[in-house]
Amino acid sequence: MKKFTHEGHTAHQFDIELNDVKHKVMNMGGLVESMVHDGLEALLTMNAELGAKVSLDDKKANQFELDIDEDCTRILARRQPAASDLRLVITIIKTITDLERIGDEAEKLGRIGVKLANERDIPHYYKDLRHLGDHVKSMLREALDAFTRMDVEAAFRTAAKDEAIDMEYSNISRLLITHMMENPGHVSHALDMNWCARSLERIGDHACNICEYVIYLVEGEDVRHANLDEMRKRLL
Amino acid sequence: MNQESQQPSSRGSATELVRAGLKRRYAREKRFRLYGLTAIFGSLAFLAVLIISITVRGLPAFQQTFIQLDVTLDAGTLGLTDNPDNAALLKANYNGVIKKALLASFPDVKKRNDKKALYKLMSKGAQYDLQRKLIADPELIGQSKTYWLPAGDDANGYMKGIVDTTLPEKKRRFKDNQIAWVETLKSEKRIAQRFNKTFFERGDSREPEMAGIRGALFGSILTLFVTLMLSFPVAVAAAIYLEEFAPKNKWTDLIEVNINNLAAVPSIVFGLLGLAVFINFFHLPRSAPLVGGLVLSLMTLPTIIISSRAALKSVPPSIRDAALGLGASRLQVVFHHVLPLALPGILTGTIIGMAQALGETAPLLMIGMVAFIVDVPTSLTDPATVLPVQIFQWADLPEKGFVERTSAAIMVLLAFLIAMNAFAVMLRRKFERKW
Amino acid sequence: MNLEQDQAEQTIDEIVASLGDTVGETRVENPKMSATGVDVFYADKQAIYGVDLDIANNEVIAMIGPSGCGKSTLLRCLNRMNDTIPICRVTGELTLDGEDIYNKDTDPVLLRARVGMVFQKPNPFPKSIYENVAYGPRLHGLSRNKADLDDIVVTSLRKAGIYNEVKDRLDAPGTGLSGGQQQRLCIARTIACSPEVILMDEPCSALDPIATAKIEELIDELRENYAIAIVTHSMQQAARVSQRTAYFHLGKLVEVGDTDTIFTNPSHELTENYITGRFG
């Protein structure tokens, strides 16, 4: 594994700029992580207040994306980064897109939480999302950790978890179909719940993308759409 | 960065310090400029004084006093027989004819001393003028003609106002009766100043009014010709070899040191060398422009080599790279590109060397070019003298005519030098190219 | 960095030895020129250490690296321009079409006609534009008559993309052109000798960006017909014009590879440091 650093440039200001933008990404990651947490809580506890907060946070996340995009554009224009610096900037640009989408998904969860808060006769099986949600949350945290530490090993490990999440999602989907068939009056709820499960699954996908970017950033190899196991054997 | 320097207080005091020193700095600059200007104007003033004094003293030499005489070229007085041959014509008594003509002009002069004084009005060279005229046209024998013949040195001096007539007669060479005769001639318009062609047409002479610069001028030209023909090709070839081809090792270093030393050797040493090698060993003729040229070549070589090397060195290496990169051989690089670009510099060095050679006296004294030579040299082995040596000789002589001729010869030497430099500037202009 | 601290205590030779073997593929199929184990010495000082490198046809190879890394030295070995430096000694094998160019039988004049060179500073001869271009062909007797020569001059100027700018003033001095035009004139002058390889030693370092862009465009066009090696201090330029890039450090070829790879994901740490601006 290669040693990875983006410091030590002859132009010290460049170090500062890169660090700056990297910190912003971490802050954005923290924000998005808390949004997922809050969104999930809002959904599970049917907390309208928390749901509204997530919507508000989403605006912040969008602003983060714009900011960081601008920083990256400026670095590209003024520093013409190459090699690892170039990969870092590109990784950041891609990562924030994924983070922003994760934010959107979290907001969806929150929105449904707000909707549920005003309804009665809510089926119990919403609670089933907790397990999936926890799983996704931990994956997102690990992905962000891997990004922060530029840890390829952790990235591979985290990316591998996506499969389990996909599996869990399809389980929930199957379960929901059964519910809908048994209880046609709950179709709209079941669809909502499927949306939520789908959102959580998407968050897992985005987290997986971030892991792949980290691998690309550190190793310089694009591992998207590739067999992770083989890659892992080759790189580590 | 030093943090203290960024604090406003110390920044302010620094400005104050700089401002305090500014006045002194400007004053120093002003003083320095003043020194420079003083030096330049000082030297210009000296140059002007030199040129003016030489011109004032030398200009009269370009004028010569002539006296009109009715000369009867009768064969008896001349001591000629019928149909004389050249040898007889050369030996004829032209003085007698002139004396007769003088006596005829002033019939009252009877006393022996007075007659001698009267004869002195005419130059001793007057007879040679007649001699030449007669040899050119022997038909003139027996005829009576009016000729303008050169006046003697004293009469010449009197006409130019150099004789101080306020002195008592005993203290001057030009006596009262002579003054009276000249005044008579003047009133009859038979004495006049004319352009001194003799100065440019004759070689040296013991008589100032008959002495000319032509011998020395041609001697200089011949000597410089030999110098140029020998030193230029040899020096340029040596410079090219040393600069472009020779390996850089201790031998070439040694040669370089020696060339630099040679340039600093006193010129008289070259004269001794020339005497020992060219005259005593090779038995080349003394006083010849050939030997003079050889000796001056030795002296000029290091100057031209050094300046040529500098000129070659100053050709940008990128030009060499370009030509080499296109596949030119080293020799082609030098002759197609480097030499043409270095030529202006080489020519400057050559002209400086030539100017040095032109003004050189000491080594030429050693090889006998200081001899009294009347004839104008026509070949490289004829005995000759050169301009600076001629000036040196004339400066030693007491006659008024030689004093002014010394200055005139200096003017000729300077004119020669200026002409040479102008030629060099012209050549430079022609070859100079920008890169 | 650790490396820099070590450098103070180690001798150059030790550092060079620590650099290890060249990373990446030094060989290509059908190389035009090929260096194998080339060492270059200036008197006792070694300037290049065992370089293996191929130069391919129809390809631009960029040589980059910090000052004094030997890239220019290697370039000048390729057409034996170093012959003019008496203390310079080259060992190892350098071939052109498989023939050793440092062989006794190889004539450097012929070699330089086949391997042309463009220099850092535009250096047209102080002659007319026409004479500048005609000099090489005339030297090598490439033209039978005046019309032939005219043809060569015009074609070369055209190939160098400068013909339209100078066609009305072929008699004007080459030194009167702008810097970029002068450099293109020098390229035309090189092309006129019909070389097979063109070596360029920082050809744009004295030029403004627009002139640089024109030269880079020209280099890209020339690639169709020549093998080109370019030494440059501008990494962006190397990235723009070359297909392969070789990174030199302290006289050693550290890494060579596709330009795309070198500029996005170099393998050697030193290459990475140099490309990202972390050097010194």
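Think of it as A, B and C in the order they're written, each chain with its own count starting at 1.
By definition in this document, a residue touches a chain if its C-beta (ideal position, glycine included) is under 8 Å from a C-beta of that chain, and two chains touch if they have at least 3 such contacts.
None of the values given here were measured: they were computed from a predicted structure.
With chains as nodes and touching pairs as edges, the resulting graph is an open line.
Of all chain pairs, the one linked by the largest number of contacting C-beta pairs is B-C. Distance between chain centres (mean CA atoms), chain A to chain B: 101 Å. Between the Cα centres of chain B and chain C there is a gap of 59 Å.
Mean C-alpha position of chain A lies 49 Å from that of chain C.
Only residues 79, 81, 84, 86, 109-113, 116-119, 121, 123-126, 135-136, 139-140, 173, 175, 186, 189-190, 193 of chain C touch chain B when the two sit together in their complex. Those residues of chain A that touch chain C in the shared complex are 3, 8-11, 14, 80-87, 219-221. Residues of chain B that touch chain C in their complex: 247-248, 316, 318-330, 332, 336-337, 341, 433-435. Here chain C touches chain A in the complex through residues 1, 235-236, 239, 262-266, 269, 271-273, 275-280, going by the rule given at the top.
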